[in-house]
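Next come two complexes, and both contain chain A; in the first it sits with chain B, in the second with chain C.
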Partner chain A sequence: MGMTEMVLFNLAFAGYTLVLALYFAYAFTRRESFSRSAYRLLTGTVALHVLSLGARVLAARVIPEHTWYVPWSNWFESFSLFALLIALVFLIVQARTRLPILGVFVMPWSWLAIVMALSYPFFSTPNASIASFGGFWAFINSAREIPKLAPALQSYWMAIHVPVMFFSYSAFANAFGIGIAYLIQERQIKSKKPTELSYRLPSLEELDRLIYRIIVIAFPVLTLGIMLGARWAYDAWGRYWGWDAKETWALITWFIYLIYLHMRLVMGWRGRRTAYLSLAGFAVVIFTYVGVNYLSELHGFLSGTGR
Partner chain B sequence: MKIFRSVRFNVLLFAVLVAASALGTLLPQRYEVPAKVAQFLASHPGLGPVLDGMGFFNLYHSSWYIALMGLMAFDVIVCKLRAFPKKTHDEDKLSELLIAKSPLKRNFQSPLPLAETAGRIKQNLARKGYALREHREANEVHLWAAKHRLQRWGDFLLHTSIVLILAGALAGSLVGFEEFLPVLEGRDSPMRNRPWQVAVDKFTVKYYPETGTARTFASDLRVVDGGQPVGTKKIVVNDPLDIGGVRFYQASWGMTGMLRSATLEFQGSKGSKMSLLVPTGGRSPIPDTNLFVSADSLLPHFTVDGSSRPDSMGLEPRNPAVLIHFFEGEKQISSLWLLRDHPHIAFQVQPDESLTPVSRPPFRVADFDPVKFSGIQIAYDPGAQWVGYGCVMLLAGLALHFYFHQRRLRLLLTANGGGTHVRAGGWSSRHARDFEAEFQRLLDEF
Partner chain C sequence: MRHLLLVGVSHKTAPVEWRERLAVPEPKLPVLFQNLKDGGGATEAVILSTCNRVEIYAATPDAMGSRESIRKELASVQGDPSLASCLYSQEDEDAVRHLFHVASGLDSLVVGESEILGQVKRAYEAAFVAQATGKLTNVIFQRALYVGKLVRTRTRISEGPTSAASLAVALAERIFGNLKECRVLILGAGEMAETAADSFLSQKVARLTVVNRTLEKAQELARRFQGEAAPYDRLQAELAKADVVLCSTGAPDYVLKRAEVAGVMHQRREKPLFLIDISVPRNIEPAVHHLENVYLYNIDDLQSLVDENRARRQSEVDKAVALVDEKTQEFHVWYDAWRRGETATLRHAKGEDASTFSADAAPEKP
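Our next item is the complex of A and B:
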């Protein structure tokens, strides 16, 4: 990894941490200055994060043998992209809704994604012995090495398929966070003693419609992402669909959100039941992204050849 | 037929497909890992055969799973494809009652006369992309305005596309074929599904420096039909050769276990390092001795199995080892597995074929020239292009249905004194609240 990239990424990590702290400070103190600072800092952090990806592309020239390289090719890089896109989608949601309280429910997932980006060594070598802080730092940073890509991953499809999938995943992460906000708000309203949080959160109807609007935008993007993956598989593996575990779980994700849309649009479901469906949808997204690595031979960071 | 049109039934069908698809990723599948299926059957003598009989180890190709997919297509046909989406026919005339029925409505008074008010409203709506229709009566102007009427096709298109995608997949599975053909470099092999010979004239693999990780591999492929070449191309991963829809993919590669030669290094009698090229198929004399050596076989990813026998964990050279035999005259006196990347370790082959470790072996493998094979995946799928058309239709349908926003306005303008009384009604393909702000803004502009 390059020094510039490392510094930019570390700054972005610090930025996300501070943004999260500011949103929580806003939730507990009701001071608007915290929410304004969080929004500005998040915009700057996203910009830094984008720059770090650019710097990583430059740093990747240490492996001149790559015919194609994009900075979302392994565990670290894809989680880093996931964190960035969750934050980016949240910025758009913020710009449209002006509801900074939602930062408390969405931004933890972006921060967690960044932490997960650095966690790869714990998954790949769970029995590693670490004796000192220096050893721990080196262990963590081993996640950030520029990967030596398998031939199949050196493709322009990598530049298209992966970000489209992650954009939809990130939007679903936003819907998931807002779904939790919905359930909390519902409980607060039903309780005899609503807390300050209840007054900060918008109405249940508004939260429900916001979840729907995000899913309705993300679902066609997920469909596009799956299709682009199928097209890539057609060129790489000789079939557009092979029932690989990753492909199958992407289809399951698609079906879960399809059920959500049918229940909401045709059956008229609203509120808690659709909120639960959106939560289930994102749980499947996470399993498709992380859990399937233990099942898939073709897409696995950990078990297969996709590393 | 009513049940197939029921949303509850279809959602239940989606849920069953979800559960079945998930199960297929948790149970080993025969097309993917046949050895694990055999292992599962051996360790579950009761449950295993029952699951096998129900097709759970070839789940996605089992008759019941295909029937579920077929049922989904059937449901789409009976639910959605009975007729094209109807164009909304505007009424011949507007009335107060019709406007009152609209989800959004508003009345206001314009100080301008009827003709001028109607003209301004029409101009404003046309500028915003609304298509207009007008009906005039003595003291009234009836206006219908609509935008993004194509949106009504979204639902139809996206459901039709599901049928097309599933039909394309079915056609591909019925008429198409897939086969895997390992071809030795410099040789050819016959295909099973076409009377063609597939030759790999040259196979190239390039590694990342100082690793056994391949960064690219390629085959100079030549396909011959009755002695006549029908296609040639250097194929690499992600870039196949296409001959009339039959596509040849560079899928994998590996070492066959055969060698052309091995280069051994050892200490000569005078203490200097010596190198000896050992071609396969014969014995080479070891200088300054009466011994001979031969190198016959190779294991690309050497390991010792549980019964102390040599084995390979894969076909790529992650830990290559060469088997060499030593001879004294005609008599074989010893056999050693030499590890290229671990020159301080070797394994001696015992008479019962088991291995015992040898430290500080006298020889090391400096290099070897393996016989490689190129794994060619061959596929013919005439349904793929229909699946492709289906995907485009599905995306167009989803975009129209969810990203476009059909809007309809009804405006009844009545002359009222010197001014005009305007009654406006609005409808949108989205929730009324999503259109409300725009509707009110439009009327404010009027």
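Our next item is the complex of A and C:
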């Protein structure tokens, strides 16, 4: 891990934290100066984060086998990419909708992804004893070492399949957050006692349409990602599809969002029920992403068991 | 030594018939300004005339003399000297405090209403254009507009709709966002529906349709709202097209039942439907509210929210009054200095507005 990357990433982490605080400050005070600063700071933070990934690639290229090194090959790196893409998709959502209140519902996931990235050592070595703060910091940073790539990951497909998948996951994360906002607003109005909160949230229709627009764009991306994965699987393991746990769960994710679109477009479902479907979809995304590593022999790259 | 003098009448001191007679129509303003100068000894004047108050703010070297002559002047303009008896008057700091209260909506019939701020602004602008204002009234009125805004942002005195009709509009906005693409259906030709329809029309809804048992009545109402009328047997089809339904028929029981609305929802492909039942007895079966994407509010639901908002506004009054007092005292410091011929500066609160408010600055162009 290079010094430049270390500093850039730390700054980005601080940036995400501050952005989150600013969005909450906006939600409570309704002062637009907060939401404006949050948006600007988020733009800067995303740029810093991209630079830190660049710096990481440069540092990793020193190892001769790392011809196809991309900064999303282990737990730390993939969560870091996840955080970045959630933030990036949210910036796009902001630019198009100008609903800063959604920062409260989306940016926590980006921030949580960064924290997850740093917390890998707690998952890999749960029994480690930490004596001091310096020790704690070193322990955390052990996740940030540049990994030795598993043979299967040394492929240009790595640069294509993974970002496409993560882009769709990040869009689903945005839809998830906005879905929660929708459900809160729906409950407010159904209760016949809408509070202050209801007036700070966007309208039901705005939220419902936004969730749909995100999923309708993210779904083809997910489809493409799975197809690219199948193609890579053919190169790496000699078959397109082998019902490996990761493959199976990716397909389940795909089906849930397919059901969402089917219900909405064909069956005329709207509102609360479709919002629940998008929430369920994202829960499966998270399981496919993290949980499956412990089930899959082939895709266990995050937990270090992948081949 | 110049004084600020206030002479006026408001909903608190006089019934509406009296206020009506004292109200100053705009064409009469120049004459009145001139009379105030000539007969009242006022060097500057602003006349605030709304349906709830008529107030004259004047700068004068002789407060006592001016008060009497302005009282007489105001009454005589309306041709009835006996009206002078219901006028109140205040001077200097009290007059300033009163103006700040008025601008903040603290003296209004519905506490915190925001219309008054615009009325104060227009009254000042009219006086400014007529060249009736001077240093003192310029500073005081611009300050009053600032305090009025400040009170509304710093306290919750203007928060939440305070009538059932405006609350229904606010709720519709929570569901549909901008109402410009909304279609409103009025079911029944009751009077209550008209008030609510007016509020929706002011939001420039896309379409307004009236359905009534007797088509003539529907057509009559539709003409007034420049909407369309539809016969009663088209109700189902109209429901399928509408977003907001205002229901106020004289029917003794439910005209819209759960099963019907469920069918309509299927036709509308689950697009949200906002039903407002303002009829007594109720005309829409309450169980309709339990359908997905259907939101039913009856008059009691709306009224209890209105009461809540009014109570909250009332509970913010003390805070608002304290803020006005603070700003009045702040102003008084400037006022005293200015009267002694010293230069003083008034500033806007930090974080509210970066521009400083200097007493020497020229007034803003209206």
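Methods note: the second predicted complex is superposed on the first by the 298 of 307 C-alpha atoms of A that agree within 3 Å, B and C clash if a C-alpha of one lies under 4 Å from a C-alpha of the other, contacts with A are read in each partner's own complex, and residues count from 1 in each chain.
Following the convention adopted for this analysis, a residue touches a chain if its C-beta (ideal position, glycine included) is under 8 Å from a C-beta of that chain, and two chains touch if they have at least 3 such contacts.
None of the values given here were measured: they were computed from a predicted structure.
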item: Three-chain arrangement built on chain A, chain B and chain C clash or fit; value: fit
item: Chain B versus chain C as contact partner of A:Ile259, first or second or both or neither; value: first
item: Partner chain(s) touched by A:Ala236 [first = chain B, second = chain C, both, neither]; value: first
item: Chain B versus chain C as contact partner of A:Ile189, first or second or both or neither; value: second
item: Which partner reaches more residues of chain A (counting touched residues only), chain B or chain C; value: B
item: First, second, both or neither for A:Ile217, with chain B first and chain C second; value: first
item: Touched partner set for A:Leu18, first chain B, second chain C, both or neither; value: neither
item: Which of chain B and chain C A:Ile140 touches, first, second, both or neither; value: neither
item: Chain A-centred angle between chain C and chain B, computed on Cα centres after superposition, in steps of 10 °; value: 140
item: Closest Cα approach, chain C to chain B, once both complexes are overlaid on chain A (Å); value: 8
item: Partner chain A, residues of chain C touching it in the complex; value: 170-171, 173-177, 266, 269-272, 289, 292-293, 295, 297, 301, 305
item: Footprint of chain B on chain A - complex, ascending; value: 63, 65-67, 148-152, 154-155, 157, 209, 216-217, 219-220, 223-224, 227, 230-232, 234-241, 243, 245, 248-249, 251-252, 255-256, 258-259, 262-263, 266-267, 292, 295, 297
item: Complex interface listing, chain B residues touching chain A; value: 7-8, 10-11, 14-15, 17-18, 21-22, 24-26, 29, 32, 60, 169, 178, 206, 208-209, 211, 213-217, 236-240, 247, 249, 251, 377-379, 381, 384, 387-388, 391, 394-395, 398-399, 402-403, 431, 433
item: Footprint of chain C on chain A - complex, ascending; value: 185, 188-190, 192-194, 198-199, 202-206, 268-273
